[in-house]
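Should a chain be cited, it is by its letter among A, B, C and D, assigned in written order, with residues numbered from 1 in that chain.
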Amino acid sequence: MSDFLFSHDLLDPASYRQAQTDSACGGFVCFEGWVRNHNDDRPVIRLEYQAYEKMGIREGQRVLDEALEQFEVSGVSCIHRTGTLEIGDLAVWVGVSAHHRDAAFSACRYIIDEIKLRVPIWKKEHYADGDSGWINNEQAK
Amino acid sequence: MSDFLFSHDLLDPASYRQAQTDSACGGFVCFEGWVRNHNDDRPVIRLEYQAYEKMGIREGQRVLDEALEQFEVSGVSCIHRTGTLEIGDLAVWVGVSAHHRDAAFSACRYIIDEIKLRVPIWKKEHYADGDSGWINNEQAK
Amino acid sequence: MISVDVEFFAMLREHAGREREKVETNADTAAELYSELADRYAFPDIGRMKVAINQEFSDWESRLSDGDSVVFIPPVAGG
Amino acid sequence: MISVDVEFFAMLREHAGREREKVETNADTAAELYSELADRYAFPDIGRMKVAINQEFSDWESRLSDGDSVVFIPPVAGG
């Protein structure tokens, strides 16, 4: 399995994990990005993700293909949520299965880092005080 | 949540993940060790994990406490299976939640590496040819 | 005069008040097109904005062709 | 003569044919105790084996006391 997908609905990590199982693999690493209730000291009540999906799927798939090429991994996948998200919601899920854990960790890290840099997705935070704003990964840490 | 546990029954990753959720955290990394159907070129049909549980829980908890101290993480946990495992079974689950993904990746890696080195757990592989043997992480990669 | 399909995202969508627009323009390059639309919709400075032409990141000085699909890419924030 | 509780794991359990044993011994140190039991049960060489006394990794030259709980720790293989 090696797919990059967008989902407008709640993500389902158990099913993505299931799809990744492989009896030849000894290790699996996953990363989940969760919607936090704050950004620095500012209380956040919900978020909105907007994606340029047509290009995003292409760029996301490219990142996964690079990971397959650069690391000794068997399966890689990434699903990114779009639309309105509540606190605690899963925003992104990355899963990597491999024969050995070293490659699984490196590939998983590579994928989430590159997705955050390159895939055209934007995030608007809605704050407890009624304000809102588009933020980006260059300002954020 | 910050616990090291042994389980004689099938591990339940969805519930461990659930226990780790934290609305102050933006990132979650988990590692799963799966029972592979081979070791190098030798077909494996099942395994057996034996643990010196009394000491293992102490040493495992120590590893988790070190991770909490050394990395900026909020929750860390690890569950290790014992008994007879079939191919594809989950042998160990490590989960780390953190404000930022960097710490989550580093801590997760630290925990699984140290668990494998320090916690008194032994593995016997049963091979397709009827043979079996105790193996160890110093020979294995 | 060429016609290009422009799709707006994030704050640009809010400024433009629409998701997409077929723009008839004399702009030669993506940068000129941005500047034209920035005037019309009070877009922010080009700053660290990027541009994609036909779903590929492109140079701001790329020449536009009739029928191109153009998307301005504000700094992203996935994950 | 002291009495110590020894628990066996992995290949040592198979060699000893039992999970635990109360051993009456004249051994002064963990290493001497291992050597005594290795003779009795044809244990493998001490090699990279470690020892835990009362659930803490200990030195092979640690002196044993009456009532100690002793476990020999073959190279581990968790995860």
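Assume contacts are C-beta pairs under 8 Å (C-beta built on N, C-alpha and C of every residue); 3 or more make two chains touch, one makes a residue touch a chain.
Computed from a prediction, not measured in an experiment: that's the story for all the values here.
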**OP:** Note down the smallest number of touching-chain steps it takes to go from chain A to chain D.
**Re:** 2
Subject >> Centroid spacing, where centroids are CA-atom means, of chain B and chain D in whole angstrom >> reply: 26
Original post:
Where the CA atoms of chain A average out and where those of chain B average out, how many Å apart are those spots?
Top reply: 23
**OP:** Between chain C and chain D, tell me the centre distance in angstrom, where each centre is the average of that chain's C-alpha atoms.
**Re:** 74
Subject >> Residues of chain A whose C-beta touches two or more other chains >> reply: 33, 112
**OP:** Mark out which residues of chain C touch at least two other chains, giving numbers and ranges.
**Re:** none
Subject >> Interchain contacts, given as pairs of chains that touch >> reply: A-B, A-C, B-D
**OP:** Sort out for me which residues of chain A touch chain B in the complex.
**Re:** 13-14, 17, 21-38, 87-88, 97, 99-101, 104-105, 108-109, 112, 141
Original post:
Which residues of chain D touch chain B in their complex?
Top reply: 7, 9-11, 13, 48, 52, 55-56, 71, 73-79
**OP:** Write out the stretch or stretches of chain B touching chain D in their complex.
**Re:** 33, 49-52, 54-55, 58, 80, 91-92, 112, 115-124, 134-140
